[in-house]
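The chains carry the letters A, B and C, assigned in the order they are written, with residues numbered from 1 in each.
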Amino acid sequence: MENIKLIVNFLGQLLPAINITLIVSLSSIILGSLLGLLLAAARLSQSVILRVLAGIYVSVIRATPSIIMIFLVYYGMPLLFNGWFHTNIDGWNRMYFVIIALTLLFSAPVSEIMRSAYESISKGQMEAGLLVGMSPFQTFYRIILPQAFVVALPNFANSVVNLLKEGALTFTIGVVDMVSKAQMIVANNSGGYAWQTYCALALIYWVISLAIDKGVSLVEKSYQKKRKTIAV
Amino acid sequence: MSLDTDFMVKVAYTAIHGVPVTLKIVLVALLISLPIGVLFALIRIYRIKVLEQFVKFYVSLIRGTPIIAQILIVYSAFPSLLNTIIGKAAFDINPIYYAYIVFTLNSIATLTEVFRSALQTVDKGQMEAGLMVGMKPRQTFWRIIFPQALISALPNIANATLYLIKNSSLAFIMSVKDITAIAKTEAAFNYNFLEAYLVVWVYYLIICYCAEVIFYLLERYFSKYRRPTKKTTGFNWLPFSIKQPEIEAKTDLTESERTNHAQN
Amino acid sequence: MLKIEGLKKSYAGNDILKGISINVNKGDVISIIGPSGSGKTTLLRTITTLEEANGGHISFAGVDNDFQKLNGKDIHTIRRNIGFVFQNYNLFNNKTALQNITEGLIVARKVKKSEAEKIALKALERVGLTDRQNHYPSQLSGGQQQRVGIARAIALNPQVIFFDEPTSALDPELVGEVLKVMQDLANSGTTMVVVTHQMNFARDVSNRVIFMADGYIVEQGSPKKIFENPSEERTKTFLTDILANV
């Protein structure tokens, strides 16, 4: 009972820092999806070079620990910018580095999800669209995309949850997010109530993950309903 | 911009001592969590009362929370927990044991889901055929269903292993002297962090690619029964073909198996 | 030899079998025909307890009991004495053709491995697939897989073999080889119960034909009677329809 009270109390102290987590996650999701789209396009393109480069990129990211990616971006980018553009970006908000790192990480699985979703929609659909007189773009936009979206959705949501969890490493480069807030609370209590604090932290992430899962299954259900009503 | 290559070579030499530590964490976690993952998957598939709820809860909790939160909880809760059991000696425990605990707990959740979907891809006709040649459900499960499920699970086990290898890079937070920790310490003297992490990165790339090749070979070896003809396929160079193994629940073997269990 | 009385099965509120009684004698080759959804497959599956019956009585191989009172030992005895050939073959995917046959002998019957292989080879010879013994199911054509399925059933030397639409999943050009094997079996005196849509087989090979519809046995008798002079209107309609489509 005592512990539950403590956890609730810590929840109240941690929650204000949630906006960092949300900003970092949302920006990375948007930027990462765009980059992922480009990568998917590259992997589906006619050019062998583009396909191989995108393939290497995806496989390297797949083998890169998130923490290493964050460190590499954080320590490497200022050097790169200094060397190439002679600009000093040391003063950047550290959050930007995390967003860039997560964008790079997120884009790889997302590109794979987009690619396999696109490939799962049969060629026949494109041909059928062209045959009834739609332009390739119209066919893609009106026929392929909605179907690919449904196919990709569960995997995409899975990647979003992963991104959210990777975002918890933001604290490692000194951004005051929920994790680092939790560590501060523990430090302020001279190490006391540590596990209760971290449980509160885990709880917040758990609720967000559950919400994402729930949201996705709702969207999926509504799509299935639509499909049924159309079929009838 | 220039990199201190001498320093990088030096880090490469010292950080290599962290490789066995990383591998140890990965192997211990895998070896313990594989059988437990199978067990948990079976609990879910056979819908064993109460336990099923526990497994569901456990998997959702672990998968819904960042590994860093799990590390912090275990690392803060276990020492004092052990303290009450074995006394002061608890604080002298090698932190690698905490790493074993965290990463095992984490992998169990991943592998439970892996085995659950793999077991569901095996057609329920396989069980029926086993029963009709006179085998018991248990015999059919271990001799026919499980080997097939294991092989269809291999790509996902590979994914889980990669995930585990990458996550193990956070062991330094528990003051485990793994690759990352060693490089970090080295870099702290002269602030050569970029160089140090580049070296660490290369180590992880090598470890991950080795794991991928091992799993690729395992898959090739064990799925001989799946290849329709004996044509030799050229070596499929992995980095260019990352598989997203499709999880496809073909049939629900739950229903028939459960009734059969009830009858026998 | 195998006697079923009043077998009932319902699923999700629908009655699939509404009291079926069958008597199979040694050496019988019985064809069960009827429209899809009439409960033919369910009949075979409930007798072998792959599906639970909701009522009825079985006397077979020393078991003499109501379906709902069968214990584990009874079920084992029943299954042990019935061979089953599945519509989708259901060969063990991770075993070779030979191992598919020896598996049951070694594991369930405790036959020695060398002995089991001898029996299996003999069974493979009967279906003409000795040269495919080391092939995995995925390396065999549908017709070959089904022949291995038949060999697997006969190797266990059951009192009766059930065939559940053994040719329905096959490409038309592969149906012949399987039917031929079945015909050879019938000629050698194997007791068989065959659910089939192959009217030629029902007419030419079996000694009794059962026509089922809506969970009932509508009528049964010799092939000559059923095909040339059916007494029920439903049988007539069914046969006219199906023969018109051949």
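Note that in this section a contact is a pair of C-beta atoms (placed from the backbone, for glycine too) under 8 Å apart; a residue touches a chain by one contact, two chains touch by 3 or more.
Just so it is clear, the model here is predicted, and its values are computed rather than measured.
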{"item": "Chain at maximum distance from subunit B, centres defined as averaged CA atoms", "value": "C"}
{"item": "Innermost chain by mean C-alpha position", "value": "B"}
{"item": "Centre-to-centre distance between subunit B and subunit A (centres being mean Cα positions), rounded to whole Å", "value": "22"}
{"item": "Euclidean distance of C-alpha centroids - subunit A vs subunit C, Å", "value": "54"}
{"item": "Chain centre separation (subunit B, subunit C; CA means) in Å", "value": "44"}
{"item": "Residues on subunit C engaged by subunit B in the complex (per definition of touch)", "value": "48-52, 70, 72, 75-76, 79-80, 82-84, 86, 88, 90-96, 103-104, 107-109, 136-139, 152, 156"}
{"item": "Footprint of subunit C on subunit B - complex, ascending", "value": "123, 125-126, 128-136, 139, 143-144, 147-148, 151, 224-230, 256, 259-260, 263-264"}
{"item": "Residue ranges of subunit B touching subunit A (in the complex, touch as defined)", "value": "1, 60-61, 63-70, 72-73, 76-77, 80, 162, 165-167, 169-170, 180, 193-194, 197-198, 200-201, 204-205, 208-209, 212, 238-242, 244"}
{"item": "Of all residues in subunit A, those that touch subunit B in their complex", "value": "52, 55-56, 58-60, 62-68, 71-72, 75-76, 79-80, 82-84, 112-113, 116, 155, 161, 164-169, 179, 182-183, 186, 194-195, 198-199, 201-202, 205-206, 208-210"}
